[in-house]
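Two complexes follow with chain A in common, the first pairing it with chain B and the second with chain C.
Entry: the complex of A and B
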């Protein structure tokens, strides 16, 4: 019996390395191939447009010019800061504003979801400023908090807060009451109830909110860095556009896009770690 | 289904291609003229107030810009037909091959642009600015002069925390005490001086030290090629405005005061800070020069370009002839009947 099992196991093990690429190959054609094709054709179009000068190089520099701008900014720097210093300045602002918003928004949202009174207090405030464009708020915030990092972090905080609070609120409000009843009937105290029932049940909704919020915060970055910054990716793009340096502008956009994708990837990893049952 | 998707993706690719080429194509607006003007004190405000351009019968749209850097962006996006820029943005535009030409002198900059410092900070020399926060609109005349003045005084420009603020934002930052110095222009300069500031250095003094700054009126190449007569009419109207400024100073004070909502005495002082060049003088060697022989302006642009390249703000510098090609006094000569 055991010998047969080991044999089949061995056969499976031997088959596995071949199976995996086959499975991958099966997944590739439809989605991955299309994705790769889109990226490749857009790049080819860009290269052709620049090569045959279909467009003024001022507006669309060649891929090589953009790559050179990347290398130059990474090694020599742009206006006193190297590329990674611009990146760190921006990431600091985004993550500081976002982390503060998480610390405030998630607990606030949960409490708002659990208590109608708390919701009645905070909901009108959030609903009032949520639809305001960040740039419109920004002029006021600069007048209040000045031109330093405080105003930049504040605007990013304000951008991050509503999606976090609203999704946490909905998550907390829509916890299945049967879970609560079941746990109570098993003798759970309120602390256990919160930790083992409420929090896990809310977590998927909160995670979705965190992901949406980070994406939205990131889109506000350039606006936040327009006034009186001296470093940061958004500032670099804005400043370069004043000097009509299209290669720096497009290079900066690529760095922004890839950084944004990396942040989204990280938050999806966190989602996996916090709510592993959803990915089983 | 498969072919449908393929068609959809092809359409998508085509849409992308169309979007790109449409963005690059110039759009003509023969039914109206858009004039971008700078928010500062010069005779263009007179031309605007007296409706001298409107006399040609073409509807005019006036668009105000905070600085030449913003104007360059609008030019790059083909959103104005006529504009005005200082010599640094003009230099940047020419080096980056923006499709425009300088066609007349808006004004020569004097104390209308000045470096103001906070009076109670005891700033006696430019060296005292080290470690302090100062503002100028980046890419403009004053940003250029600020760095030039610091270098002349032996101060490393990076020792001063120089930040990019438009003149109106600089006033807000000044009132909040976020900045201790700002090199900006009227009418906003006055608001800083009246709130605990004093003039430390003027653009006029920098001109004497070999850093002349000016604003030049520009026209888009496409527009000029399509409507050359309209360009001559435009320059003629601007010359009328300059004449009015020079011949009727009292009435001009009232116009400026009204246009900028200022008390007349402030308007009068601001007017003294800038110099209008009579149109016949503009086509001499000290300014634009003549179509065959471009004047001093080309030298200033070349010097500005060399300076900006040293600052890492320009990738390349053209030769004098390259910059002279961006100055076209022919419309002005025609307007003057020469």
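Entry: the complex of A and C
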């Protein structure tokens, strides 16, 4: 889903052949329709596979069983926690780690983009640990901080940091010098230059980093919860799989997917709010 | 579409608002014997040498010259972005020490801030100096009406045509009440029709806001149509070789281009530019042959 559509894209779309009657077309734009069709087919396939027991129901429970698992976990709970408590445990970790990383990574990246000296100090550290698989790093962090929330927030912070820092750094380093020149000749001092020119000029790049970072952090969250936890969506799935509770596992995956999509949607909203001039 | 929209939103000739008129006698620009060089050590090259220019308060001076002769360099020195190796640069007797709000700049590409609305762009200078958004926006509205774009204040720059963007750029520079307005080929990137419209618009604006203008262009006709004086620069080193007074009464209409005076000045400028361009070419070829 691209938020901005150029004139040529709009013209291309208008030129495409029309397969459906006008009224249906108006109600369902073509792409939306295709998306819906894909989802419906996959769901139908799943239902058929479960209904005719093409696959052992232990591994692939029916849609109904998964729904029941959802209702059960939401009302009775799984291993002592209700579904929303698992969800909140997970969200707390990811948002705490991510927010800390934003607070540190964005200013750090901007300063690194503006000063070669600062970049020379921090760049090797980030470039050293960035290629490490987060889980490899996590083993060490669990040794230091235990399996509680502290170690998880720490690993999520470390996972979120590089994309934020690197994109902020590039954004700050590539601010168009003509804007700086214009602002100076209009009488801006260095503080005003930063606030009115550097910061907004960096914002699109920072937003891209924020989105990439949040997506990555979220995947690391699930992995970290699988390694060591007592609550959380990732942990719930992992624990259920040990008892071959396919319905809980699949239900958990759905909740994870929808939560991830919701987070991405929220960050897109934030992007619109932070850089409104790109969405006109 | 740019030409059409510009034609529709051309500013009508307004009565002179007295609050816009700058203090009389303000804006004398003096460049005395300046030399400007780029590079360090062996790569050091003097671009402008022994350059003298005296501009009266409220005078409109156009600078012509072959490409690469140092026109932008001189302008950037007045703006305070390029230091002079020697000589004196003064505005109203004050030495130029760096960029400042007393010298407004308009660039070839309107460098409007894409993240600010048209109004916020024009309000930028006043906001920097007063710190008050309401004061700044009030002043910005005055200047937006001056360039005929009051209706577009909420738009973002990307939503305007090239000519409209350039007019916002002019309003933005003027909103600081500059002593000198520096313009570096401001209409160079526009199509011919929009360009002609913009020249007239600029003269209308200038008729109301009589600030000193230093205007760089490649276009001989543009220089004569706009300027009180046309100075022609040579290359290698950049220096003034001709200083021609344009005695065509104002207000000027596009028809003045067919007058005898205009044609005579045009012929004179043409001869200077041609011989300077030929010299610059020969110099460049020598330089390539040597290296």
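The working rule: the second predicted complex is superposed on the first by the 249 of 280 C-alpha atoms of A that agree within 3 Å, B and C clash if a C-alpha of one lies under 4 Å from a C-alpha of the other, contacts with A are read in each partner's own complex, and residues count from 1 in each chain.
In this section, a contact is a pair of C-beta atoms (placed from the backbone, for glycine too) under 8 Å apart; a residue touches a chain by one contact, two chains touch by 3 or more.
All figures in this text were calculated on a predicted structure; none of them were measured in a lab.
Look at chain A after the overlay: chain B and chain C fit there side by side. Between chain B and chain C, B touches the greater number of residues of chain A. Residue contacts after overlaying the shared chain place A:192 against chain C, while chain B stays out of touching range.
In the superposed model, A:245 makes contact with chain B only, not with chain C. After overlaying the two complexes on the shared chain, residue contacts for A:277 are found with chain C alone; chain B is out of touch. By the touch criterion defined above, A:184 reaches chain C but does not reach chain B. When the shared chain is aligned, chain C comes close enough to touch A:200, but chain B does not.
Least inter-chain distance for chain B and chain C in the combined superposition, rounded to the nearest angstrom, is 34, based on C-alpha atoms.
On the chain A side of its complex with chain C, the touching residues are 176, 178-179, 181-189, 192, 196-197, 200-201, 203, 275, 277, 280. Within the complex formed with chain A, the chain C residues making contact are 79-81, 99-101, 103-105, 107, 109, 111, 113-116, 124-125, 128-129, 156, 158-159, 172-173, 176.
Of all residues in chain B, those touching chain A in their complex are 9, 13, 16-17, 20-21, 23-24, 69-70, 72-73, 76, 92-93, 96-98, 135, 138-139, 158, 161-165, 169, 172-173, 176, 178-179, 312-315. By the touch criterion given at the top, residues 34, 38, 41-42, 45, 49, 54-56, 58-60, 78-80, 142-143, 146-148, 227-230, 239, 241-245 of chain A touch chain B in their complex.
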